[in-house]
């Protein structure tokens, strides 16, 4: 009991156009540790507060976007049970054997109705760059760049987000933390939690499937959000919006782009979510405030630029 | 799945010597909302970020200390099942009927081997002072005093903390986040989580049972910890130690006392805990750093002053 | 020696359309103390960290804007000498007798070439709401609203800013901290310091004279800037831009509007200025970054909306 | 006018026992830039926000302490005039020729009644590591370690602090910002400002002359004070006290020691001082709160450990 089943977002594989520039971005600017370069050229990175071997995988490709996002579950038995549950619902579930990524055990993979590939896994080696365990100091090395602590969540865009949300809620045990709805009751955005964070996965309705809106990294505080903004200008990085705050989740945020055009977020704050919390609801006329609490208006990029 | 079973600390009933002074302390200084005064003179308070009717109960008495601490569970079925599990283990479980506290449903109560009374409940009315739900702003009213967001956890002292910990781990599904051990392998302190916080309940070995070390409140950031320290001096409040940081949990902290001598804590930061994290272990020779990371030494009060 | 002559911005008189709404804005939101309402209906306010009787004067009028801005000088002798210096330069200097504002001694008043009325004074009564002097606590009362600490500076718009700047530099002893220049060498903005702040008065070239761009208030930190932004949305205040940072001065900032349309700023950070510092220079093509370091682009409002 | 005469603390020469360890301390931990190693083995460092060639000079010696502290004055004429003024008062003033330190012009040196050697200078080369001047970014390189921005002030201990204070006030134009006095009216501590900072030099009465209590470095905020504390434990540095706040100056602080036993301080916050501010006075019975606002008690080290 307590936290079981799906525990958290475990990894995301992102397509990048130029590996060298991407490593500067994710390692030196965002502050991830490069764990290793795979034999096939993929880069495996992790944030300093994560125990597992890696959480961010970069794959060089011709166009940006997200290959897949994987969630860690609490045990191999749970993995098997959840896989069966997904299969029973009619989804095609593929097993990827252990070792396809270094340190990672077997995974179950499926395509959600919005065209995104999601995965489940229960076993990953511990990283040698994880937090200390014996008489632990705060960190091995001083945090670097934007000082990302964790890979936090993804926001993805697609057509039938209700159907994708049903899989996560009904089959995988996620809770709805917040949603935005039209006057007709149609969901335009839904924020799903598998633990105590305001969101581990967010879905926004969009005219095209399989799109990535952003990959988000956790920072410690609003102070670090400000420092991240300083870095973005110092290094001429492409910024979407921020520093600002979301009405949804209450998180403090900057949206910016990696060198390939994938949107990233640095995120801090937000409330502690519990499954007995009432669902926070936003009406479409307040969508601006929901997304950008300070500006109280959406920008076009938020609605249209995805990879 | 996800977060089920025991969700979080729900309430704590604290004995105070002078209700008027205590209300100034908890309401005006710590920043809780006074929900109502009960017919029997008890005061019901809550922090602004909590949905439930109340989380802190003050009872006027001749000596300070903790009457009981209650944990919220995910459903009435779970409540029944956990109660049976406790009974089956040989504990005497008493049911307290709904309504003994305003807004609170039936509870199951038991005494742990360390002499502390713990309770479980699944149902509490929503407070009208909880977070907004429809197009929510950050808060109704500007945060006040130390700007406590939530009742976070308790640390209690007693003799056989191993036995009490076993109940929480084996029967109630808690996880061990951190512990401190002697060279002989005896546990001197253990930090237990039922969700994603580094601790929801902490136990320290002590020569006497049924003792309260502190009741902790969540603040947003180190900045707010500093502001809390400013308030403590401005209002001549009794401070134990801080601002400092814990090695255990990594939380930023001040220990201080309410007018009755009960220790309080304001707490921010700390890592996100997951049940697959390795247990962080501290050796006895590093206990100073474990407790007070900056001072790297215990003070006598930490070890001896309890209520 | 050390700091002599003109010490700092002492007061600004702002025209407001609705006194009641303005008091809510400046007192409850920005966090100034209302010192007194004058017999003629003007409101006198001050920030908690100021010793003098008042720093902000609100006058109800039919259109918004700035009536005048006054600088405090170090002594009555200096006041006389500076007045003579201004007169000798051909400016018409008017003496306003003590008592025209409560607590304020005699002032010397002149119109700068950009049409703004500036004043000098050396004597103002101490406020009973100033900082403590004997065994001082941080503050009498907990800071309120945005927690403004001081009236910091004004930015004004006008045609011949070079001529106005010459008065402040050549006659009043100000130093140029930063300026922005066109490729032809024309100054488009100039930031003047009479002490150790990056600016006490700023001038921007504009097609019309006697215009107020903003009145700025000092906050303690970026954290407080964020809190101010939270308040602005909570209370539906009109925001221009921010939270962001200026390239010029390095200050962290939000521009927003009072209920009459006068722009205000809350400002924190910025470097310590010394008169031997090289003048920091900005080229016109970098004006966006100079003004809004994070956005790296000007918004139209910055250039056109003044009172 | 405005800021003239003595501008600020310009440099301090500190004796260290082990140059290598000291460089790790001042460069890697505190975050200064090493400008150059002199031919005679002295190390010249500066903080990133300073324009001048250097501000901290380390000299390897057999015992720790301060060789001298130098103040920058506004011009060579002022330097000559101040030197004459010191001589006329009966002090022996020695001129040190330009070039004794790299980048530094001629200096005037004298011993104050408390046995400390102070210097005045007006000319120092600009450092190539100073702040940017043309379209300046916030910094060249990301701030490092504790992210010191400036050398801020020194606190020195000696017998006749009144006599030393008179030199700074009567001859060098400093202002008294705060002082602590015994019931008999004897000054036990005095805080002197030559600009807008709460102190540029502080003197505490002590039974021995020529002692250094601490060299202080400016940090940006309370957040950075917390980060500095994290570093001190991470690198097993010797800490005196903190994070805490001073009642005097209101600064947020940590006292710690360099590897040679010289006390350092990291300092943030504090009010803007102006020469027309009333002198803040502390009585001896409130000395604890004056020095350590949170603890409200002095520790022995503060009173006795000096170099």
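Note that the chains are named A, B, C and D in the order they appear, and that numbering of residues resets to 1 at the start of each chain.
Throughout what follows, a contact is a pair of C-beta atoms (placed from the backbone, for glycine too) under 8 Å apart; a residue touches a chain by one contact, two chains touch by 3 or more.
Remember, it's a predicted structure, so these values are computed and weren't measured experimentally.
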Inset, instruction - Same or different, please, for the chain A to chain D contact, judged on whether over half of the interface numbers appear on both copies. - result: same
Inset, instruction - Determine which of the two chain pairs, A-C or B-C, is joined by the larger number of C-beta pairs in contact. - result: A-C
Legend entry - Most distant chain from chain D, judged by the mean position of its C-alpha atoms: A
Legend entry - chain A-chain C separation of Cα centroids, rounded to whole Å: 44
Legend entry - Rounded Å distance, chain B centre to chain C centre (Cα mean): 47
Legend entry - In chain B, residues with contacts to at least two other chains: 137-138, 221-223, 230, 233, 245, 289, 293
Legend entry - chain D-touching residues of chain C, taken from the complex the two chains share: 1-8, 49, 51, 72, 74, 78, 126, 131-138, 149-150, 172-175, 193-197, 218, 220-223, 245, 247, 250, 269, 271-272, 274-283, 286, 289-290, 293
Legend entry - Complex contact set, residues of chain C against chain A: 222-223, 226, 229-230, 232-233, 239, 242-245, 252, 289, 293-296
Legend entry - Complex contacts: residues of chain C adjacent to chain B: 137-139, 142, 145, 221, 223, 230-231, 233-234
